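What follows is a set of structures to go through.
Below are two complexes that have subunit A in common, paired first with subunit B and then with subunit C.
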Partner chain A sequence: MLLNSVILILQETLEAALMISVLLAVNVRLQIKPIWIFCGVTLGIMGACIYAYHIEAVSEWLDGVGQEFINALLQIAIALCITLYIYWLFRFKGQTKQYDLDGRLVYSNQVQFVLLMICIIALGLTREGAEVLLYLGGFFPSSEQRFSMAAGSGIGFGIGLSSSIILYYALVNIPGPWRFRSAVILLALFAANMASQAALQLTQADWLPHTQALWDSSSLISERSVLGHLFYAIFGYEATPSAIQVGSYVAAIVLVGIAAKIGNRFSAGSKI
Partner chain B sequence: MKSIRLFLIAVILATITLFNFIAALQGYRSSLLEAERLFDTQMMETAEFIADLYSENLLAPVDHAGNRVFQVWKNGELKAYSANAPIMAIAPLLPGFNFSNFDGYRWRTVARYDNQKQLWVLVAERTDRRYSLSENLILESFIPILMGLPVVGLLIWFIVSQGLKPLRTLADELGKKQPDDLSPLCFDAPKQELEQIVYSTNLLMGRLESSLNREKQFASDAAHELRTPISVLKVQLYNIAQLLPDEDSNLPELTETVDRLEHLVEQILVLYRTTPDQYSANFTRIDMGILTEEVLAQEYAQFEDKNQTLEFRGKPYVLSGDRFAITTLLQNLLSNASKYTPCGGHINVKVCDEQGDIVLTVEDSGPGIPLDEYQSVFERFYRSRGDRHNSGESGCGLGLAIVKHIVELHHAEITIAPSSFESGTAFRIRFPKQKTSMDT
Partner chain C sequence: MCLFHKKDQIFILWVAFILSIHSGHLLAGTPVFEIEIKNHLFYPAEIEIPAGVKIKLRVKNLDPTPEEFESYELNREKVISGHSKATIFIGPLVPGQYPFFGEFYPKTAQGIVVVKE
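Right after this comes the complex of A and B.
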């Protein structure tokens, strides 16, 4: 029970926490107040509660694949929001405020960044939070092994949170332009991860064809190990990915690259 | 990274948590395996014990309903069994450990063949009970890790705060220093990491103090020493002018240059005197309205010479200030306005009360100052557009630097904005309310 709790909570927490820590690190450069992150988190928790409460009804939609469909929809929306976010980052070269010589604020482009960031966090937490709530709600009240479940959840949450704190400070302390580039690369990987997971959900719902696994790397890094979960959260590691998943992953990376290129073309000013 | 303390606490705590939890998980996994081995050993010993105990007389079921079941098979016949065991073989008759399913549960089984008695002893245990038992045992070791984390957090917070205390003390020491206090830092026995900072800061303070003293002495000496020859020069120029015929046109330009030189020396002296960290101000009650009127009357000639229209609006407003400094401020602002306003232009002077603050505004209809030069005009020897505008005036570039010194001296605030005329500049000085109250 402990191990199961650790795995489930770690998987869900790590993904959301790492994404939030990357956005927080980008916010330092964009001079966006961290309070907006909390707005996204609050909305996400509310969304998770609503989603978890209606999960039975949702599951019955579309001939019983409603949950897979909604999950895929949320993941595609997150991937698109991240793509748009990266476009704006390149469009404004990471500068959202401009001051005159007297130090007065002339204009600010923070609105689109704040809105996209809130969407990314809220949508991510809605899906992942709902799964955590369902797991905890389903087992906790009746389980005999309540302590083992609580300990497992605590450990999973602790590992996820600690990893994200270390990642945040690592990103903030990266010198020079590489700080921003690293954050953008991580965001692009998150977008690709979301696209790949959405493909898996749609395959499970039989909306996409089942294809054979392209490789099996479980002997190298097990999906159930802590490293496996960390890799899964950062770049969507799967030991046995299908061709559709790999295709979606690559397509998302290409899409993000195109968005960055277009943003770069429309921008004016110095390079990031 | 705004706070070093927050950074240290967060990263140390996160690292400890991460490695502790990962180590705990690894410990949990290996402990589970160890417990499995222990249970297996016990099962095997039980099988051996049952084989040793077995005799042909023992044929009835043994009344045992615990977590463990056993069967004794001989020549394909069930010879003995526990009451909670089924009548079918609970495991394949192959020596060693295995798993099987019966009675609605999954069981861990062991089969042992006794060569002497030629019988099979099968023993089984419910896997969920074994797992639960071993997990409960291991979880006991988790409690200190989980419960200890907040204590570790508090300890880290305390240790980091203590570690950063000398840094905070040093920052406080530096923060408490007055602008004119260049004495060495009193920092007894600094930590090794701060030794160099304290040493370098004290060295810098010493060098800064001697440099400031030299500058002070130089400015004072130079200005005083220059005054005398300039006065002599002026007298001699006057005498020469009396001797030379009127048509000699070089003398007025020479006189004008000497006047400018005298003005420059006077301005340098005033600049030095009004430097906030040098000036010992003599704050008294000043009626800003009346003082402005007086200075306007003194300076009126220069406006009249250029046929400029001067408008003054104001009432008596009392503030606490240094009369000499405020007079100099007004003189410089008015001289500046007159200088850069073309002949026939307009100059407005206003003294008013805005929410308790006294505001002095001097605006002109001159060419104005470009937006990008607003901050630079207060620098010493800075001249707008290099004095390339068509005012025909070439100031020494110290007037507004002096004004800024006096503004800082009175804790006031100066802003520049376009004037209400078609072109020109408005200087606005706001003397704050709290500073206008009388100290005496």
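Right after this comes the complex of A and C.
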């Protein structure tokens, strides 16, 4: 029971924790106060409570596929928010630090970053958090397993948190232009991961057609392995992805690339 | 005298076309397979389905605790709260074995979908 809890909680927290650490690392550069992260986290936990509380009713929606619909909606929203976030990153690349006449920092460009960051974190936590709450809530009444579950969840959460701290310091300490690039690449991978998961949810709901798996790499890296879980959290690794999933993944990367290009063009124009 | 304009005719034809597709879809019907979860076990733990056919899996959770139906091979994942049921579409699949499990109680909740020609 203990090990199950460790794996489950780690799996659910890792994705969100890594996403938050990338955003935190970008915040250092944008000079955004970390307090806004907590704003997103609080909203996310509230969202998770609401979603978990109504999960039974939601599941009944749309002929029994309401859950898939809401999950896909959340994932698509996250992917779009990340795309917009990257657009603004490129648009204000190199000019986020502005000073007024008295030499104080001006935060005029930050409001969209703060808003998008809060959205990304809140939406991400709503989906992942609801699952965790349901899991924990299911165990709470059975007293004999309460201790091992609490211990396991604590360990799982701890590992997730420490991996995100490691990623944060790694990102902040990358020298030169690669600090910005690596954060953008990770964000783009998160967006693509969300798009592919949304496609999967819609296939599960029978709203998108079933497509055969494009490859099977389960013998190489199993989705059950530690590496498989880590890769899933970072770039949405699947051993047997369907064609439609791979298509959505690539489409999201292309979309993010276009957003970055447009942002860059506007940025170059505004400098003149 | 024309009852409908050309534009409307095209629109009506289009609606009829869409309806015919969907009614065909509904009439053909997706085969339904039922699984129950009781004491963190799947009943039946093994279901056999035909290859190349999309099926509807109805999972009834008779336990008071929630469970998550998960399968890496089927690429499926769905939370089912206590005392409720869930619908999961799977397939069409190629023949083979596709294990699934309950993510909240993986030690006991184990099952397999066997796809046969």
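Convention: the second predicted complex is superposed on the first by the 255 of 272 C-alpha atoms of A that agree within 3 Å, B and C clash if a C-alpha of one lies under 4 Å from a C-alpha of the other, contacts with A are read in each partner's own complex, and residues count from 1 in each chain.
We take it that a residue touches a chain if its C-beta (ideal position, glycine included) is under 8 Å from a C-beta of that chain, and two chains touch if they have at least 3 such contacts.
None of the values given here were measured: they were computed from a predicted structure.
Figure out whether A:159 sits in contact with subunit B (first) or subunit C (second), or with both, or with neither.
A:159 sits against subunit B, while subunit C stays out of touch.
Would you mind checking which one, subunit B or subunit C, touches more residues on subunit A?
Of subunit B and subunit C, the partner in contact with more residues of subunit A is C.
Please indicate which partner A:135 is in contact with in the superposed arrangement: first for subunit B, second for subunit C, both, or neither.
The second partner, subunit C, only.
Once the shared chain is lined up, is A:145 touching subunit B (first), subunit C (second), both, or neither of them?
A:145 sits against subunit B, while subunit C stays out of touch.
Looking at the overlay, does A:8 come into contact with subunit B only (first), subunit C only (second), both, or neither?
A:8 contacts subunit C only, not subunit B.
Of the partners subunit B and subunit C, which touch A:42 in the superposed model: first, second, both, neither?
It touches nothing on subunit B or subunit C.
With the two structures laid over each other on chain A, which partner does A:211 touch: subunit B (first), subunit C (second), both, or neither?
neither
Starting from the residues of subunit A touching subunit B, keep only those that also touch subunit C in the other complex, and list them.
1
Taking the complex as given, what residues does subunit A use to touch subunit B?
Touching subunit B from subunit A are residues 1-3, 6, 100-102, 144-145, 147-148, 151, 154-155, 158-159, 161-163, 165-166, 169, 172-173, 226.
Quick one: which bits of subunit B touch subunit A in the complex? Just the residue numbers, please.
It comes out as residues 1, 7, 10-11, 13-15, 17-18, 21-22, 24-25, 28-29, 132, 135-136, 139, 142, 146, 149, 371-372, 374-375.
If you look only at subunit C, which of its residues touch subunit A in the complex?
30, 54, 64-68, 72-73, 75-82, 84-89, 91-92, 94, 103-107
Over in the complex, which subunit A residues touch subunit C? Could you list them?
So the residues of subunit A touching subunit C come out as 1, 4, 8, 55-56, 59, 63-65, 67-68, 130-131, 134-135, 137-139, 141-142, 200, 203-206, 210, 212-213, 218, 222-224, 238-242, 245.
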